[in-house]
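Mind looking over this structure? Questions follow.
To keep things simple, chains are lettered A, B and C as they appear, and every chain counts its residues starting from 1.
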Amino acid sequence: MKLGPLTDTTRFVLFAVIILAMPLWLEPLGGNYPDLLQRFAIYGIFAIGFNILFGLTGYLSFGHAAFLGVGSYAAVWSFKLLTMNALPAIVFGVFFAGILAAAIGFLSLRRTGIYFSILTLAFAQMSYNLAYSVLTPITNGETGLQLSQQDPRIIDSVFIEAGSGLPSTNLFGLKMSGYPGFYFCAVLLIICFYISMRIFRSPFGLMLRGIKSNQNRMRYTGLNTRPYMLTAFVISGMYAGLAGSLLAITDPLAGAERMQWTASGEVVLMTILGGVGTLAGPMLGAGLIKYFENIFSAFNNNVLMEIFSFLPNAVAEIIVPIVGLFVGSGWHLTLGILFMVIVIYLPGGIVEGLSRLAKFAAGERKSSKIAGGNTSPQDQPGE
Amino acid sequence: MDAVLLQILNGLDKGAAYALIALGLTLVFGTLGIVNFAHGALFMLGAFCAVTFNKLMLISTKVEDTSVTLFKAFKEKPYLEIWFPEWGPLLIQYSVPLSILLAIPFMILVGYVMERGLIRHFYKRPHAEQILVTFGLAIVIQEIIKAVFGANPIPQNAPDLLSGSAAIGTWLGLSDALVYPYWRLVYLGFSVVIIFAVFAFLQFTTYGMVVRAGMRDRETVGLLGINIQKRFTIVFAIATVVAGLAGVMYTPILPPDYHMGMDFLVLSFVVVVVGGMGSLGGAVSAGFLLGIVQSFASMTIVKEFLPGIDQIIIYLVAVVILLVLPRGLMGRAGVMDD
Amino acid sequence: MSDLVLHLDNIQKSFGGLSALSDVNLHVEEGTTHAIIGPNGAGKSTLLNVCIGRLKPDSGHVTFKGQELTGREPHEIAQMGVARVFQTPEIFPEMTLLENVMLPAFSKRDGAFKLNAYSGLAQQGDIRDEAEHILEDVGLADQMLQEAGSLSRGDKRRLELGMCLILRPRLLLLDEPTAGMSRHDTNRTIDLLKKIKSRGMTKVIIEHDMHVVFSLADKVSVLARGEIIAGGKPEDVRENPKVKEAYLGGAH
């Protein structure tokens, strides 16, 4: 099988190795904290799932945060009612996100284009507003849903003596914080990547791309686009639910702000930044955004003063406030600018940029397009 | 009856703000074909024009406080009051409406730069990319405002003369309890004037005629050899100014902060889509409609009956309208259908 | 009547005030090629739109092999075996020609819904072979790994024809299949369509090119201003004075 530079198996192995080795290669880059690593993996899952919808079908959902939030709530309730074990939490998170996605998708997919985007946005905002107000008994409103000493934890109470403090999440006894937590998320991320790769390579994926490319043509060749679209929507909602439950597993707390439309915007951003419709792009985008968020927001003026201490004082005093605008709490400004630059100059995202670079490096070697059984959609930049 | 009238009135001023923002959004969408997610940020920029203008007027110096007789005390006194003791204080009072004078040129400039520098390059690009790039721009504007003005809301006052409430109930021979702040009346009147001005411009000037034709069929108008580029810039600037003025005048109702633009944008988008993408009349009527519906949903009796309804009503209405009427209230066929 | 494939019964369709089709009756028999000709704006494409469910007629019925088509969803109609080549080519421009032809085969097989998400495309050897075969038939085999968007207009049309052929439709509707083609390609397309005919596929073909009409059609109907003004054997229709008038005094 000739797939340009990489075969799928190599691609997958490479992905797995890079993810599992993150603690190693992120060490010199100052990114080796379990918390941060967990977030890389979790948001990677979120973005990869989002890409199954947006990348393949071209339907831009602005409401995926709702599924993230539901996943978190379901997971925390599983901790409260059943057990601190991570597995049931994941199952419930994915399940409820899937149900919600089926309902929202069923209605929203009646419309296309911006109407679809607005419908998803409206549903997500409704979920968010309800989580803040009348659903307080389930969501604990503004405070957010937390564990408490009084929780029944039916299953755990049979096997384990209740300790004095709050119990921590675990996987059959293995604590889900720190590095074990990261590796747990990483393994799930790798599985998710694999599934997404299979979908991209399958007739199902090709049909979804057909819908993106020319929905009418698909209909007039006999495809009932509804169930296909709905399946893609539910799958990507379930990915979001998984990400949401993992957020709760690594830090057992669920707040409504996770459902706000800014969170939906964030996943769009990650996907675009990495490369819509590419396999590894969303992971790349998620990683970069979370990495820079972490690095940049840690800076404050004192840190900056130190960095620029080699400069004469007067110069440093001018530079520091200016740079300060872009870091620390001003990190969003950098993000906004970065975002604009990417959309303006590199609408295919970083992956497209890299492949352009690679082509440039390989000279004018004619790039052959491989089709059918050997298609590699990720080599064709998203529109 | 009174309660109903009061809710309608309460809904109107918010609805007016939605209508003004949605008007510009849909004007830009209809003529330029651009989905502008930074439009809410323009509303917010307008509001901060008022803040800036107010700050400028209040530039002060220390003067001796003569009301303190025991010791020598100082107080801040705006230069305006020192230079013009007669009408300086009056000017300061009227800083919100006066800041329109600052807002108009400033918003024109912003609109011009934005259209020439950014929007223009996105005419032919997919809507998703337009949304994304303007979304990025909105974040940038928002963060700059936050860096300059801080994160807290900055209250602005209506002129004393207009800061009370109108006894509308008494005027209409209804209950005395029916009162409505003067400023909101002003805002309402102001919006109506602006809306009419925009419509009149489109209806009665040849310029507007071309723009309307462009909304209907951009390609053909382009083919006629009309310099559509220049007109696009002007349309964009008009939309910018309308959003900005809507923001300026809204400051006494809602103290502006850096994220007000996003809050209004999401709702205004819902408004535009409910009205029908590309339909000006649809945008304006949907704006007022949703404002009023929202205000009714916040009535206590309604909330008791349907808890939480006030939180979701706008979105609920939007969902229902979009599912029942595929193109919103007044949308035309063929606009964003695929 | 069992050999009637397509039957249009009193079809009416108007857009606002404009009556695009009025009282159209049409019978297409099994295995025949039925040409529809008529001046621009006569309502020919509208007629096909009604057949494939893109437009709902205001009144009247369309039946296909005795089954009602009116009111059905486009994908159902396609599943029943009606395929169409559009006037402006409807293809997947970002995909390769091979993918373009393979996709309809998947639609046909899994159209109702099948979560075929795990098996790789590489396992779909039979469909791939068939697609390659069809690309040869339409004369595009040597470009099969190219992106479809880069094709010329005529080639796009042939590609779309291939996309319809892989569906093995029982009724093929062709809206000006040779428009924009060179003489050479037109003749090739005629040959191809003749070959299909020998396999017994029923066709309705809209054409302006009389050479194509006379090479292929068993029957001709003439549509002018939404009405069928003449019909019958090609030779007869050619001599019909009403037809000449419609073309000369028509929308040209």
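The definition used in the following text is that a residue touches a chain if its C-beta (ideal position, glycine included) is under 8 Å from a C-beta of that chain, and two chains touch if they have at least 3 such contacts.
Everything numeric in this text was worked out from a predicted model, so none of it was measured.
J.: Taking every chain's C-alpha mean, which one sits closest to the mean of all protein C-alpha atoms?
T.: Answer for the innermost chain: A.
J.: Name the chain whose C-alpha centroid is farthest from the C-alpha centroid of chain C.
T.: Ranked by distance of C-alpha centres from chain C, the top chain is B.
J.: For chain B and chain C, let me know how many angstrom lie between their CA-based centres, rounded off.
T.: 52
J.: Nearest whole angstrom, what separates the Cα centre of chain A from the Cα centre of chain C?
T.: 44
J.: Whole-Å distance, chain A centre to chain B centre, using C-alpha means?
T.: Each chain's C-alpha centroid was found; their separation is 34 Å.
J.: Where in chain A do residues touch two or more of the other chains?
T.: Within chain A, residues 383 contact more than one other chain.
J.: Under the stated contact criterion, what part of chain B meets chain A in this complex?
T.: Residue list for chain B touching chain A: 35, 118, 121, 125-129, 131-133, 135-140, 142-144, 146-147, 262, 266, 269-270, 273, 277, 307-308, 311-312, 315-316, 318-319, 322-323, 326, 336-338.
J.: Residue numbers of chain A touching chain B in their complex, please.
T.: 58, 60, 107, 110-115, 117-119, 121-123, 125-126, 129-130, 132-135, 215, 261-262, 265, 268-269, 272, 325, 330, 332-333, 335-340, 343-344, 347, 383
J.: Quick one: which bits of chain A touch chain C in the complex? Just the residue numbers, please.
T.: 1, 198-199, 201-207, 209-210, 213-214, 216-225, 227-228, 231, 368-375, 380, 383
J.: Hey, which residues of chain C end up touching chain A in the complex?
T.: 52, 54, 73-76, 78-79, 83-84, 90-99, 102-104, 106-108, 110-113, 115-125, 128, 131, 144-147, 163-164, 167
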